[in-house]
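The following pair of complexes shares a single chain, chain A, combined with chain B in the former and chain C in the latter.
This part shows the complex of A and B:
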(Lines of atoms letter the chains of each structure in order from A and count residues from 1; the text may use other names and numbers.)
(Lines give C-alpha, C1' and ligand atoms only; values in the text may rest on other atoms or scores of the structure.)
Protein backbone atom coordinates (compact mmCIF):
# COMPACT_ATOMS: atom_id res chain seq x y z
CA UNK A 1 0.00 0.00 0.00
CA UNK A 2 1.27 3.43 -0.88
CA UNK A 3 -0.02 5.30 2.15
CA UNK A 4 -0.31 4.69 5.88
CA UNK A 5 -3.90 5.95 5.84
CA UNK A 6 -4.79 2.98 3.60
CA UNK A 7 -3.19 0.55 6.05
CA UNK A 8 -5.12 2.19 8.87
CA UNK A 9 -8.39 1.92 6.94
CA UNK A 10 -7.74 -1.76 6.41
CA UNK A 11 -6.91 -2.49 10.04
CA UNK A 12 -9.92 -0.49 11.27
CA UNK A 13 -12.14 -2.44 8.88
CA UNK A 14 -10.89 -5.64 10.57
CA UNK A 15 -12.05 -4.09 13.85
CA UNK A 16 -15.49 -3.35 12.41
CA UNK A 17 -15.77 -6.84 10.92
CA UNK A 18 -15.08 -8.15 14.43
CA UNK A 19 -18.21 -6.35 15.69
CA UNK A 20 -16.50 -3.46 17.49
CA UNK A 21 -18.63 -0.61 18.79
CA UNK A 22 -15.59 1.55 19.51
CA UNK A 23 -12.41 1.93 17.47
CA UNK A 24 -9.55 4.09 18.69
CA UNK A 25 -6.85 5.16 16.25
CA UNK A 26 -3.78 6.78 17.70
CA UNK A 27 -0.75 8.01 15.84
CA UNK A 28 2.28 9.26 17.66
CA UNK A 29 5.25 10.92 16.04
CA UNK A 30 8.36 11.26 18.14
CA UNK A 31 10.70 13.51 16.20
CA UNK A 32 13.77 13.37 18.48
CA UNK A 33 13.61 9.57 18.67
CA UNK A 34 12.72 9.33 14.95
CA UNK A 35 9.79 6.96 15.22
CA UNK A 36 6.12 6.87 14.34
CA UNK A 37 3.66 4.59 16.08
CA UNK A 38 0.20 3.69 14.85
CA UNK A 39 -2.18 2.06 17.28
CA UNK A 40 -5.63 0.72 16.41
CA UNK A 41 -7.53 -0.51 19.45
CA UNK A 42 -11.03 -2.00 19.34
CA UNK A 43 -13.55 -3.68 21.60
CA UNK A 44 -14.49 -6.36 19.11
CA UNK A 45 -14.70 -10.07 19.62
CA UNK A 46 -10.93 -10.51 19.63
CA UNK A 47 -8.68 -13.21 18.28
CA UNK A 48 -8.18 -16.58 19.95
CA UNK A 49 -4.83 -17.40 21.49
CA UNK A 50 -4.28 -20.16 18.94
CA UNK A 51 -4.99 -17.84 16.02
CA UNK A 52 -3.04 -14.83 17.27
CA UNK A 53 0.48 -15.89 16.20
CA UNK A 54 -0.82 -16.54 12.67
CA UNK A 55 -2.57 -13.25 11.89
CA UNK A 56 0.46 -11.77 10.15
CA UNK A 57 0.87 -14.84 7.94
CA UNK A 58 -0.62 -14.00 4.53
CA UNK A 59 -1.46 -17.62 3.83
CA UNK A 60 -3.78 -17.95 6.78
CA UNK A 61 -7.12 -17.33 5.12
CA UNK A 62 -9.38 -20.00 6.52
CA UNK A 63 -13.01 -19.17 7.05
CA UNK A 64 -12.54 -18.59 10.74
CA UNK A 65 -10.07 -15.81 10.04
CA UNK A 66 -11.87 -14.30 7.09
CA UNK A 67 -12.13 -10.94 8.80
CA UNK A 68 -8.36 -10.60 9.01
CA UNK A 69 -7.44 -10.74 5.32
CA UNK A 70 -4.20 -9.26 4.06
CA UNK A 71 -4.26 -6.10 6.15
CA UNK A 72 -1.95 -7.28 8.92
CA UNK A 73 0.65 -9.04 6.74
CA UNK A 74 0.94 -5.95 4.55
CA UNK A 75 1.21 -3.64 7.54
CA UNK A 76 3.91 -5.87 9.02
CA UNK A 77 5.88 -5.75 5.79
CA UNK A 78 5.53 -1.97 5.53
CA UNK A 79 6.73 -1.49 9.13
CA UNK A 80 9.62 -3.94 8.91
CA UNK A 81 10.78 -2.38 5.66
CA UNK A 82 11.55 0.75 7.68
CA UNK A 83 13.15 -0.79 10.74
CA UNK A 84 9.87 -1.11 12.59
CA UNK A 85 7.60 -3.88 13.76
CA UNK A 86 3.99 -4.84 14.32
CA UNK A 87 2.54 -6.20 17.52
CA UNK A 88 -0.98 -7.62 17.87
CA UNK A 89 -2.49 -8.04 21.33
CA UNK A 90 -5.91 -9.55 21.74
CA UNK A 91 -8.23 -11.07 24.27
CA UNK A 92 -11.24 -13.06 23.13
CA UNK A 93 -14.44 -11.21 23.88
CA UNK A 94 -12.57 -8.05 24.89
CA UNK A 95 -10.94 -6.66 21.78
CA UNK A 96 -7.77 -6.33 19.79
CA UNK A 97 -4.94 -3.81 19.68
CA UNK A 98 -2.63 -3.51 16.72
CA UNK A 99 0.54 -1.48 17.19
CA UNK A 100 2.78 -0.68 14.25
CA UNK A 101 6.08 1.07 14.67
CA UNK A 102 7.99 2.76 11.86
CA UNK A 103 11.21 4.72 11.68
CA UNK A 104 9.76 8.16 10.97
CA UNK A 105 12.39 9.33 8.50
CA UNK A 106 13.19 6.02 6.84
CA UNK A 107 13.32 6.40 3.05
CA UNK A 108 10.72 3.69 2.55
CA UNK A 109 8.29 4.84 5.20
CA UNK A 110 5.03 5.30 3.32
CA UNK A 111 3.54 8.81 3.39
CA UNK A 112 0.71 9.35 5.86
CA UNK A 113 -1.82 9.87 3.08
CA UNK A 114 -5.23 11.42 3.65
CA UNK A 115 -6.43 10.60 7.16
CA UNK A 116 -9.45 12.84 6.54
CA UNK A 117 -10.56 10.51 3.77
CA UNK A 118 -9.88 7.38 5.84
CA UNK A 119 -11.94 8.65 8.78
CA UNK A 120 -14.65 9.87 6.39
CA UNK A 121 -14.98 6.39 4.88
CA UNK A 122 -15.04 4.69 8.28
CA UNK A 123 -17.60 7.07 9.78
CA UNK A 124 -19.92 7.20 6.76
CA UNK A 125 -20.19 3.42 6.60
CA UNK A 126 -20.47 3.02 10.40
CA UNK A 127 -22.19 6.13 11.78
CA UNK A 128 -23.17 4.39 15.01
CA UNK A 129 -19.70 3.20 15.91
CA UNK A 130 -17.59 5.37 18.21
CA UNK A 131 -14.37 6.48 16.60
CA UNK A 132 -11.47 8.25 18.22
CA UNK A 133 -8.64 9.63 16.17
CA UNK A 134 -5.76 11.08 18.11
CA UNK A 135 -2.57 12.31 16.46
CA UNK A 136 0.42 13.51 18.44
CA UNK A 137 3.53 15.21 17.16
CA UNK A 138 5.83 15.51 20.17
CA UNK A 139 3.75 17.69 22.54
CA UNK A 140 1.21 18.87 19.97
CA UNK A 141 -2.02 16.97 19.68
CA UNK A 142 -5.08 16.69 17.46
CA UNK A 143 -8.15 14.78 18.66
CA UNK A 144 -11.38 13.87 16.92
CA UNK A 145 -14.00 11.99 18.92
CA UNK A 146 -17.29 11.04 17.25
CA UNK A 147 -19.03 10.54 20.58
CA UNK A 148 -18.61 14.24 21.35
CA UNK A 149 -19.70 15.22 17.87
CA UNK A 150 -22.86 13.14 18.18
CA UNK A 151 -23.86 15.07 21.31
CA UNK A 152 -23.48 18.38 19.51
CA UNK A 153 -25.26 17.21 16.37
CA UNK A 154 -28.40 15.92 18.10
CA UNK A 155 -30.68 14.37 15.51
CA UNK A 156 -28.28 14.88 12.59
CA UNK A 157 -26.46 11.65 11.78
CA UNK A 158 -22.69 11.45 11.48
CA UNK A 159 -23.20 10.14 7.96
CA UNK A 160 -24.77 13.44 6.86
CA UNK A 161 -22.69 14.65 3.86
CA UNK A 162 -22.00 18.06 5.37
CA UNK A 163 -20.91 16.48 8.65
CA UNK A 164 -18.56 14.14 6.81
CA UNK A 165 -17.16 17.09 4.85
CA UNK A 166 -16.53 18.88 8.11
CA UNK A 167 -14.78 15.83 9.57
CA UNK A 168 -12.49 15.45 6.56
CA UNK A 169 -11.56 19.13 6.51
CA UNK A 170 -11.11 19.33 10.26
CA UNK A 171 -8.68 16.41 10.21
CA UNK A 172 -6.67 17.77 7.28
CA UNK A 173 -6.38 21.20 8.89
CA UNK A 174 -5.77 19.80 12.35
CA UNK A 175 -2.89 17.67 11.13
CA UNK A 176 -1.37 20.59 9.28
CA UNK A 177 -1.58 22.69 12.43
CA UNK A 178 0.32 20.17 14.57
CA UNK A 179 2.86 19.66 11.78
CA UNK A 180 2.15 15.99 11.12
CA UNK A 181 4.92 14.39 9.08
CA UNK A 182 3.15 13.50 5.89
CA UNK A 183 6.26 11.80 4.53
CA UNK A 184 9.89 11.18 5.56
CA UNK A 185 12.17 14.16 5.20
CA UNK A 186 14.74 12.90 2.74
CA UNK A 187 15.01 16.33 1.15
CA UNK A 188 17.07 17.56 4.08
CA UNK A 189 19.90 15.29 3.02
CA UNK A 190 20.35 17.54 0.02
CA UNK A 191 21.01 20.67 2.00
CA UNK B 1 -4.22 -0.56 -30.95
CA UNK B 2 -0.50 -0.62 -30.27
CA UNK B 3 1.54 -0.42 -33.44
CA UNK B 4 4.37 -2.90 -33.62
CA UNK B 5 7.59 -1.04 -33.16
CA UNK B 6 10.86 -2.25 -34.52
CA UNK B 7 13.03 -3.79 -31.86
CA UNK B 8 15.89 -1.51 -31.07
CA UNK B 9 19.39 -2.36 -32.24
CA UNK B 10 22.08 -1.25 -29.83
CA UNK B 11 23.67 2.00 -30.94
CA UNK B 12 20.85 2.97 -33.31
CA UNK B 13 20.23 6.37 -31.89
CA UNK B 14 19.63 7.98 -28.58
CA UNK B 15 16.30 9.43 -27.63
CA UNK B 16 15.77 12.68 -25.88
CA UNK B 17 13.26 12.87 -23.06
CA UNK B 18 11.27 15.22 -25.25
CA UNK B 19 11.00 12.66 -28.06
CA UNK B 20 10.04 9.85 -25.70
CA UNK B 21 7.36 12.02 -24.15
CA UNK B 22 5.99 12.89 -27.58
CA UNK B 23 6.04 9.36 -28.94
CA UNK B 24 4.49 7.80 -25.86
CA UNK B 25 2.08 10.62 -25.20
CA UNK B 26 3.16 11.59 -21.70
CA UNK B 27 2.00 14.70 -19.96
CA UNK B 28 4.80 17.03 -18.92
CA UNK B 29 4.09 18.13 -15.35
CA UNK B 30 7.04 20.41 -14.66
CA UNK B 31 7.42 23.87 -16.18
CA UNK B 32 10.64 25.54 -17.24
CA UNK B 33 12.63 22.35 -16.68
CA UNK B 34 14.63 21.31 -19.76
CA UNK B 35 13.72 17.99 -21.36
CA UNK B 36 16.57 17.83 -23.83
CA UNK B 37 18.56 15.17 -21.98
CA UNK B 38 19.31 11.98 -23.89
CA UNK B 39 18.09 8.84 -22.23
CA UNK B 40 19.73 5.46 -22.63
CA UNK B 41 18.64 3.54 -19.56
CA UNK B 42 15.78 3.35 -17.15
CA UNK B 43 14.81 1.95 -13.77
CA UNK B 44 11.37 1.02 -12.43
CA UNK B 45 10.64 0.68 -8.73
CA UNK B 46 8.39 2.13 -6.05
CA UNK B 47 10.79 1.48 -3.22
CA UNK B 48 12.89 4.59 -2.71
CA UNK B 49 15.78 2.81 -1.01
CA UNK B 50 15.92 0.38 -3.92
CA UNK B 51 16.13 3.22 -6.44
CA UNK B 52 18.81 4.89 -4.37
CA UNK B 53 20.82 1.68 -4.33
CA UNK B 54 20.28 0.45 -7.87
CA UNK B 55 19.58 3.32 -10.23
CA UNK B 56 22.43 4.78 -12.25
CA UNK B 57 23.15 8.29 -13.44
CA UNK B 58 20.96 9.28 -16.36
CA UNK B 59 18.23 6.70 -15.73
CA UNK B 60 14.67 7.60 -16.45
CA UNK B 61 12.80 6.46 -13.34
CA UNK B 62 9.32 4.99 -13.67
CA UNK B 63 7.35 4.95 -10.43
CA UNK B 64 3.88 5.12 -8.90
CA UNK B 65 5.17 7.21 -6.00
CA UNK B 66 4.16 10.87 -6.10
CA UNK B 67 5.50 12.51 -2.96
CA UNK B 68 8.29 15.02 -2.56
CA UNK B 69 10.95 12.45 -1.82
CA UNK B 70 11.05 11.20 -5.39
CA UNK B 71 12.68 14.50 -6.33
CA UNK B 72 15.29 14.01 -3.62
CA UNK B 73 16.13 10.56 -4.97
CA UNK B 74 16.35 11.87 -8.54
CA UNK B 75 18.73 14.61 -7.44
CA UNK B 76 20.87 12.28 -5.35
CA UNK B 77 21.23 9.77 -8.20
CA UNK B 78 21.40 12.30 -11.02
CA UNK B 79 18.48 10.72 -12.86
CA UNK B 80 17.40 12.24 -16.17
CA UNK B 81 13.76 12.39 -15.16
CA UNK B 82 10.79 10.82 -13.44
CA UNK B 83 7.81 9.23 -15.13
CA UNK B 84 4.81 8.74 -12.88
CA UNK B 85 2.72 5.77 -14.01
CA UNK B 86 -0.89 4.61 -13.70
CA UNK B 87 -2.26 8.11 -14.05
CA UNK B 88 -1.18 9.13 -10.55
CA UNK B 89 -0.79 12.86 -9.99
CA UNK B 90 2.37 14.27 -8.39
CA UNK B 91 1.79 16.30 -5.22
CA UNK B 92 2.02 20.10 -5.64
CA UNK B 93 5.09 20.16 -3.33
CA UNK B 94 6.74 17.59 -5.56
CA UNK B 95 6.31 19.74 -8.66
CA UNK B 96 7.50 22.85 -6.89
CA UNK B 97 10.68 21.15 -5.70
CA UNK B 98 11.21 19.49 -9.08
CA UNK B 99 11.10 22.93 -10.71
CA UNK B 100 13.63 24.23 -8.24
CA UNK B 101 15.98 21.25 -8.61
CA UNK B 102 15.46 20.98 -12.39
CA UNK B 103 14.10 17.45 -12.37
CA UNK B 104 11.63 16.87 -15.20
CA UNK B 105 8.48 14.99 -14.22
CA UNK B 106 6.13 13.32 -16.67
CA UNK B 107 2.87 11.47 -16.18
CA UNK B 108 1.35 8.58 -18.08
CA UNK B 109 -1.99 6.87 -17.65
CA UNK B 110 -0.37 3.52 -18.46
CA UNK B 111 0.68 1.17 -15.68
CA UNK B 112 4.41 0.67 -15.10
CA UNK B 113 4.64 -2.70 -16.85
CA UNK B 114 3.06 -1.37 -20.01
CA UNK B 115 5.04 1.85 -20.25
CA UNK B 116 8.33 0.12 -19.52
CA UNK B 117 7.60 -2.30 -22.35
CA UNK B 118 7.07 0.59 -24.72
CA UNK B 119 10.25 2.28 -23.55
CA UNK B 120 12.16 -0.91 -24.21
CA UNK B 121 10.78 -1.00 -27.72
CA UNK B 122 12.15 2.49 -28.20
CA UNK B 123 15.59 1.37 -27.10
CA UNK B 124 15.66 2.33 -23.45
CA UNK B 125 17.10 -0.61 -21.54
CA UNK B 126 17.65 -1.48 -17.91
CA UNK B 127 21.30 -2.25 -18.46
CA UNK B 128 23.47 -1.65 -15.40
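This part shows the complex of A and C:
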Protein backbone atom coordinates (compact mmCIF):
# COMPACT_ATOMS: atom_id res chain seq x y z
CA UNK A 1 0.00 0.00 0.00
CA UNK A 2 1.59 3.21 -1.14
CA UNK A 3 -0.91 5.66 0.31
CA UNK A 4 -2.53 6.07 3.71
CA UNK A 5 -5.88 6.46 1.94
CA UNK A 6 -5.47 2.89 0.63
CA UNK A 7 -4.88 1.63 4.18
CA UNK A 8 -7.99 3.49 5.29
CA UNK A 9 -10.03 1.88 2.51
CA UNK A 10 -8.69 -1.49 3.61
CA UNK A 11 -9.32 -1.03 7.33
CA UNK A 12 -12.84 0.21 6.58
CA UNK A 13 -13.43 -3.02 4.65
CA UNK A 14 -12.86 -4.88 7.93
CA UNK A 15 -15.58 -2.73 9.49
CA UNK A 16 -17.98 -3.54 6.65
CA UNK A 17 -17.17 -7.26 6.82
CA UNK A 18 -17.99 -7.09 10.53
CA UNK A 19 -21.51 -5.93 9.68
CA UNK A 20 -21.13 -2.29 10.73
CA UNK A 21 -23.94 0.12 9.96
CA UNK A 22 -21.82 3.15 10.77
CA UNK A 23 -18.14 3.76 10.13
CA UNK A 24 -16.41 6.90 11.37
CA UNK A 25 -13.08 7.89 9.88
CA UNK A 26 -11.18 10.67 11.59
CA UNK A 27 -7.84 12.10 10.61
CA UNK A 28 -6.07 14.60 12.76
CA UNK A 29 -2.95 16.48 11.82
CA UNK A 30 -1.20 18.21 14.67
CA UNK A 31 1.48 20.37 13.09
CA UNK A 32 3.19 21.71 16.26
CA UNK A 33 3.40 18.24 17.80
CA UNK A 34 4.29 16.74 14.39
CA UNK A 35 1.89 13.82 14.39
CA UNK A 36 -0.92 12.46 12.28
CA UNK A 37 -3.59 10.22 13.75
CA UNK A 38 -6.00 8.10 11.76
CA UNK A 39 -8.96 6.62 13.58
CA UNK A 40 -11.45 4.16 12.08
CA UNK A 41 -14.32 3.46 14.44
CA UNK A 42 -17.21 1.11 13.67
CA UNK A 43 -20.24 -0.42 15.34
CA UNK A 44 -19.68 -3.90 13.93
CA UNK A 45 -19.60 -7.18 15.79
CA UNK A 46 -16.20 -6.54 17.33
CA UNK A 47 -13.25 -8.80 18.01
CA UNK A 48 -13.09 -11.30 20.87
CA UNK A 49 -10.72 -10.71 23.77
CA UNK A 50 -8.72 -13.78 22.81
CA UNK A 51 -8.31 -12.63 19.21
CA UNK A 52 -7.61 -8.95 19.93
CA UNK A 53 -3.89 -9.19 20.84
CA UNK A 54 -3.24 -11.17 17.67
CA UNK A 55 -4.90 -9.01 15.03
CA UNK A 56 -1.73 -7.23 13.94
CA UNK A 57 0.17 -10.50 13.60
CA UNK A 58 -0.16 -11.79 10.04
CA UNK A 59 0.73 -15.35 11.01
CA UNK A 60 -1.77 -15.91 13.79
CA UNK A 61 -4.82 -14.96 11.72
CA UNK A 62 -7.38 -17.72 11.74
CA UNK A 63 -8.97 -18.46 8.41
CA UNK A 64 -12.47 -18.50 9.80
CA UNK A 65 -12.06 -14.97 11.17
CA UNK A 66 -12.90 -13.27 7.93
CA UNK A 67 -12.53 -9.71 9.16
CA UNK A 68 -8.85 -9.97 9.96
CA UNK A 69 -6.07 -10.58 7.48
CA UNK A 70 -3.02 -8.75 6.23
CA UNK A 71 -4.67 -5.34 6.40
CA UNK A 72 -3.79 -4.50 10.00
CA UNK A 73 -0.23 -5.87 9.84
CA UNK A 74 0.43 -3.69 6.79
CA UNK A 75 -0.95 -0.63 8.55
CA UNK A 76 1.17 -1.37 11.61
CA UNK A 77 4.26 -1.64 9.43
CA UNK A 78 3.45 1.69 7.72
CA UNK A 79 3.02 3.38 11.12
CA UNK A 80 6.08 1.92 12.80
CA UNK A 81 8.20 2.84 9.80
CA UNK A 82 7.72 6.49 10.80
CA UNK A 83 7.92 6.25 14.59
CA UNK A 84 4.21 5.62 14.94
CA UNK A 85 2.07 2.82 16.27
CA UNK A 86 -1.26 1.08 15.84
CA UNK A 87 -3.75 0.40 18.56
CA UNK A 88 -6.89 -1.73 18.19
CA UNK A 89 -9.67 -1.44 20.77
CA UNK A 90 -12.72 -3.63 20.53
CA UNK A 91 -15.69 -4.85 22.43
CA UNK A 92 -17.62 -7.85 21.18
CA UNK A 93 -21.04 -6.84 19.95
CA UNK A 94 -20.23 -3.13 20.26
CA UNK A 95 -17.63 -2.36 17.65
CA UNK A 96 -13.98 -1.83 16.94
CA UNK A 97 -11.72 1.22 16.86
CA UNK A 98 -8.40 1.21 15.05
CA UNK A 99 -6.06 4.10 15.83
CA UNK A 100 -2.88 4.59 13.83
CA UNK A 101 -0.33 7.24 14.75
CA UNK A 102 2.32 8.53 12.38
CA UNK A 103 5.02 11.15 12.65
CA UNK A 104 3.64 13.74 10.26
CA UNK A 105 6.91 15.01 8.88
CA UNK A 106 8.84 11.76 8.89
CA UNK A 107 10.66 10.93 5.68
CA UNK A 108 9.09 7.47 5.58
CA UNK A 109 5.55 8.60 6.29
CA UNK A 110 3.42 7.42 3.37
CA UNK A 111 1.56 10.23 1.55
CA UNK A 112 -2.10 10.60 2.44
CA UNK A 113 -3.13 9.93 -1.14
CA UNK A 114 -6.58 10.44 -2.53
CA UNK A 115 -9.11 10.45 0.32
CA UNK A 116 -11.77 11.61 -2.15
CA UNK A 117 -11.43 8.37 -4.06
CA UNK A 118 -11.37 6.23 -0.90
CA UNK A 119 -14.50 7.84 0.57
CA UNK A 120 -16.21 7.97 -2.82
CA UNK A 121 -15.81 4.25 -3.28
CA UNK A 122 -16.73 3.35 0.28
CA UNK A 123 -19.90 5.43 0.09
CA UNK A 124 -21.00 4.45 -3.40
CA UNK A 125 -20.37 0.73 -2.91
CA UNK A 126 -22.14 0.73 0.47
CA UNK A 127 -24.97 3.24 0.02
CA UNK A 128 -26.88 2.01 3.08
CA UNK A 129 -23.99 2.32 5.53
CA UNK A 130 -23.45 5.58 7.43
CA UNK A 131 -20.04 7.12 6.94
CA UNK A 132 -18.46 10.04 8.68
CA UNK A 133 -15.22 11.53 7.48
CA UNK A 134 -13.67 14.18 9.64
CA UNK A 135 -10.30 15.73 8.90
CA UNK A 136 -8.65 18.21 11.23
CA UNK A 137 -5.54 20.26 10.63
CA UNK A 138 -4.86 22.02 13.92
CA UNK A 139 -8.06 24.07 14.44
CA UNK A 140 -9.35 23.79 10.87
CA UNK A 141 -11.84 21.06 10.11
CA UNK A 142 -13.53 19.35 7.17
CA UNK A 143 -16.54 17.06 7.70
CA UNK A 144 -18.47 14.79 5.38
CA UNK A 145 -21.46 12.97 6.82
CA UNK A 146 -23.59 10.63 4.70
CA UNK A 147 -26.65 11.05 6.97
CA UNK A 148 -26.68 14.69 6.03
CA UNK A 149 -26.22 13.80 2.37
CA UNK A 150 -29.19 11.42 2.45
CA UNK A 151 -31.38 14.14 3.93
CA UNK A 152 -30.59 16.41 1.00
CA UNK A 153 -30.73 13.70 -1.67
CA UNK A 154 -34.04 12.12 -0.59
CA UNK A 155 -34.87 9.19 -2.87
CA UNK A 156 -31.60 9.43 -4.77
CA UNK A 157 -29.27 6.64 -3.67
CA UNK A 158 -25.71 7.34 -2.56
CA UNK A 159 -24.62 4.92 -5.30
CA UNK A 160 -25.61 7.36 -8.05
CA UNK A 161 -22.56 8.20 -10.19
CA UNK A 162 -23.02 11.94 -9.66
CA UNK A 163 -22.76 11.39 -5.90
CA UNK A 164 -19.38 9.73 -6.38
CA UNK A 165 -18.23 12.80 -8.31
CA UNK A 166 -19.55 15.06 -5.58
CA UNK A 167 -17.75 13.13 -2.83
CA UNK A 168 -14.45 13.19 -4.70
CA UNK A 169 -14.61 16.87 -5.55
CA UNK A 170 -15.90 17.97 -2.18
CA UNK A 171 -13.18 16.12 -0.28
CA UNK A 172 -10.37 17.24 -2.61
CA UNK A 173 -11.46 20.86 -2.30
CA UNK A 174 -12.23 20.57 1.40
CA UNK A 175 -8.81 19.15 2.22
CA UNK A 176 -7.08 21.78 0.14
CA UNK A 177 -8.98 24.46 2.02
CA UNK A 178 -7.86 23.22 5.45
CA UNK A 179 -4.31 22.67 4.18
CA UNK A 180 -4.14 18.91 4.69
CA UNK A 181 -0.63 17.51 4.36
CA UNK A 182 -0.60 15.12 1.46
CA UNK A 183 3.13 14.52 1.50
CA UNK A 184 5.59 14.91 4.38
CA UNK A 185 7.12 18.40 4.16
CA UNK A 186 10.56 16.94 3.76
CA UNK A 187 9.34 15.22 0.60
CA UNK A 188 7.93 18.46 -0.80
CA UNK A 189 11.43 19.89 -0.68
CA UNK A 190 12.71 17.01 -2.77
CA UNK A 191 9.89 17.07 -5.28
CA UNK B 1 -19.27 19.57 2.90
CA UNK B 2 -20.88 21.80 0.30
CA UNK B 3 -24.63 21.30 0.76
CA UNK B 4 -25.57 23.74 -2.00
CA UNK B 5 -23.64 21.69 -4.53
CA UNK B 6 -25.42 18.56 -3.31
CA UNK B 7 -28.82 20.23 -3.77
CA UNK B 8 -27.92 21.00 -7.37
CA UNK B 9 -27.08 17.33 -7.88
CA UNK B 10 -30.40 16.32 -6.38
CA UNK B 11 -32.31 18.45 -8.85
CA UNK B 12 -30.31 17.25 -11.81
CA UNK B 13 -30.51 13.55 -10.90
CA UNK B 14 -34.19 13.78 -9.95
CA UNK B 15 -35.01 15.02 -13.43
CA UNK B 16 -33.10 12.14 -14.99
CA UNK B 17 -34.76 9.62 -12.67
CA UNK B 18 -38.23 10.77 -13.64
CA UNK B 19 -37.33 9.92 -17.21
CA UNK B 20 -36.02 6.42 -16.71
CA UNK B 21 -37.13 4.47 -13.62
CA UNK B 22 -36.77 0.68 -13.66
CA UNK B 23 -34.83 -1.87 -11.67
CA UNK B 24 -31.11 -2.41 -11.22
CA UNK B 25 -30.81 -5.81 -12.84
CA UNK B 26 -27.09 -6.17 -13.58
CA UNK B 27 -24.52 -6.60 -10.83
CA UNK B 28 -20.81 -5.87 -10.94
CA UNK B 29 -18.70 -7.04 -8.00
CA UNK B 30 -15.18 -5.75 -7.33
CA UNK B 31 -12.87 -7.65 -4.96
CA UNK B 32 -11.84 -5.22 -2.23
CA UNK B 33 -9.88 -7.36 0.17
CA UNK B 34 -6.38 -6.31 1.18
CA UNK B 35 -5.07 -8.22 -1.85
CA UNK B 36 -7.53 -6.51 -4.19
CA UNK B 37 -6.75 -3.04 -2.88
CA UNK B 38 -3.00 -3.65 -3.01
CA UNK B 39 -3.36 -4.85 -6.62
CA UNK B 40 -5.28 -1.73 -7.66
CA UNK B 41 -8.97 -2.40 -7.02
CA UNK B 42 -9.68 1.22 -6.08
CA UNK B 43 -8.88 2.76 -9.49
CA UNK B 44 -10.66 -0.20 -11.12
CA UNK B 45 -13.82 0.45 -9.10
CA UNK B 46 -13.57 4.17 -9.90
CA UNK B 47 -13.19 3.43 -13.62
CA UNK B 48 -16.25 1.16 -13.57
CA UNK B 49 -18.39 3.77 -11.82
CA UNK B 50 -17.17 6.49 -14.17
CA UNK B 51 -17.78 4.47 -17.30
CA UNK B 52 -21.27 3.45 -16.15
CA UNK B 53 -22.06 7.08 -15.47
CA UNK B 54 -20.69 8.13 -18.83
CA UNK B 55 -22.76 5.54 -20.65
CA UNK B 56 -25.87 6.25 -18.60
CA UNK B 57 -26.08 2.56 -17.66
CA UNK B 58 -28.57 3.04 -14.86
CA UNK B 59 -29.68 -0.55 -14.31
CA UNK B 60 -26.31 -1.60 -12.86
CA UNK B 61 -25.32 -1.98 -9.19
CA UNK B 62 -21.64 -1.95 -8.33
CA UNK B 63 -20.77 -3.64 -5.06
CA UNK B 64 -17.62 -4.90 -3.39
CA UNK B 65 -16.60 -8.20 -1.91
CA UNK B 66 -13.73 -9.46 0.21
CA UNK B 67 -10.91 -11.79 -0.71
CA UNK B 68 -12.05 -14.69 -2.91
CA UNK B 69 -8.88 -16.70 -2.37
CA UNK B 70 -7.32 -15.96 -5.76
CA UNK B 71 -5.15 -13.09 -4.58
CA UNK B 72 -2.68 -13.47 -7.44
CA UNK B 73 -5.48 -12.78 -9.93
CA UNK B 74 -6.60 -9.55 -8.27
CA UNK B 75 -8.13 -7.14 -9.03
CA UNK B 76 -11.06 -9.49 -9.70
CA UNK B 77 -14.30 -8.24 -11.21
CA UNK B 78 -17.49 -10.33 -11.47
CA UNK B 79 -20.22 -9.48 -13.96
CA UNK B 80 -23.67 -10.92 -13.26
CA UNK B 81 -26.29 -10.34 -15.91
CA UNK B 82 -29.79 -11.65 -15.23
CA UNK B 83 -30.36 -15.11 -16.71
CA UNK B 84 -26.67 -15.51 -17.52
CA UNK B 85 -23.81 -17.32 -15.76
CA UNK B 86 -21.39 -15.34 -13.64
CA UNK B 87 -18.20 -14.26 -15.40
CA UNK B 88 -15.09 -13.39 -13.40
CA UNK B 89 -12.39 -11.22 -14.91
CA UNK B 90 -8.86 -11.35 -13.48
CA UNK B 91 -5.95 -8.91 -13.32
CA UNK B 92 -8.25 -6.06 -14.25
CA UNK B 93 -6.86 -2.57 -14.66
CA UNK B 94 -8.84 0.65 -15.24
CA UNK B 95 -8.50 0.30 -19.01
CA UNK B 96 -9.80 -3.29 -19.02
CA UNK B 97 -12.51 -2.26 -16.58
CA UNK B 98 -13.83 0.34 -19.02
CA UNK B 99 -13.87 -2.25 -21.81
CA UNK B 100 -15.71 -4.71 -19.56
CA UNK B 101 -18.36 -2.09 -18.88
CA UNK B 102 -18.74 -1.09 -22.54
CA UNK B 103 -18.74 -4.59 -24.02
CA UNK B 104 -20.01 -7.00 -21.39
CA UNK B 105 -22.07 -5.00 -18.92
CA UNK B 106 -23.78 -2.77 -21.45
CA UNK B 107 -23.79 -4.89 -24.64
CA UNK B 108 -23.65 -8.42 -23.19
CA UNK B 109 -20.52 -9.49 -25.07
CA UNK B 110 -18.10 -11.45 -22.89
CA UNK B 111 -14.45 -10.44 -23.27
CA UNK B 112 -12.90 -13.91 -23.38
CA UNK B 113 -9.31 -12.64 -23.36
CA UNK B 114 -9.74 -11.16 -19.88
CA UNK B 115 -11.83 -13.94 -18.32
CA UNK B 116 -10.32 -15.68 -15.31
CA UNK B 117 -13.25 -18.00 -14.53
CA UNK B 118 -16.73 -18.64 -15.79
CA UNK B 119 -19.60 -20.26 -13.95
CA UNK B 120 -20.45 -23.66 -15.45
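Here is the rule we go by: the second predicted complex is superposed on the first by the 186 of 191 C-alpha atoms of A that agree within 3 Å, B and C clash if a C-alpha of one lies under 4 Å from a C-alpha of the other, contacts with A are read in each partner's own complex, and residues count from 1 in each chain.
Everything below uses one rule, namely that a contact is a pair of C-beta atoms (placed from the backbone, for glycine too) under 8 Å apart; a residue touches a chain by one contact, two chains touch by 3 or more.
Since the model is a prediction, treat every value here as computed from it, not as a measurement.
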First, second, both or neither for A:170, with chain B first and chain C second: second
Which superposed partner A:184 touches (first chain B, second chain C, both, neither): first
First (chain B), second (chain C), both or neither touched by A:69: second
Contacts of A:99 with chain B and chain C, given as first, second, both or neither: neither
Partner chain in contact with A:107 - chain B first, chain C second, else both or neither: first
Between chain B and chain C, more extensive residue contact with chain A: C
Complex interface listing, chain C residues touching chain A: 1-3, 5-7, 9-10, 12-14, 17, 30, 32-35, 37-38, 42-43, 45-46, 49-50, 52-53, 61-64, 66-67
In the complex, chain A residues that touch chain C: 1, 6, 9-10, 13, 16-17, 66, 69-71, 74, 117-118, 120-121, 124-126, 142-145, 148-149, 152-156, 159-166, 169-170, 173-174
In the complex, chain A residues that touch chain B: 2, 81, 107-108, 111, 182-184, 186-187, 189-190
Residue ranges of chain B in contact with chain A within the complex: 46-49, 52, 64-65, 67-69, 71-73, 75-76, 97, 101
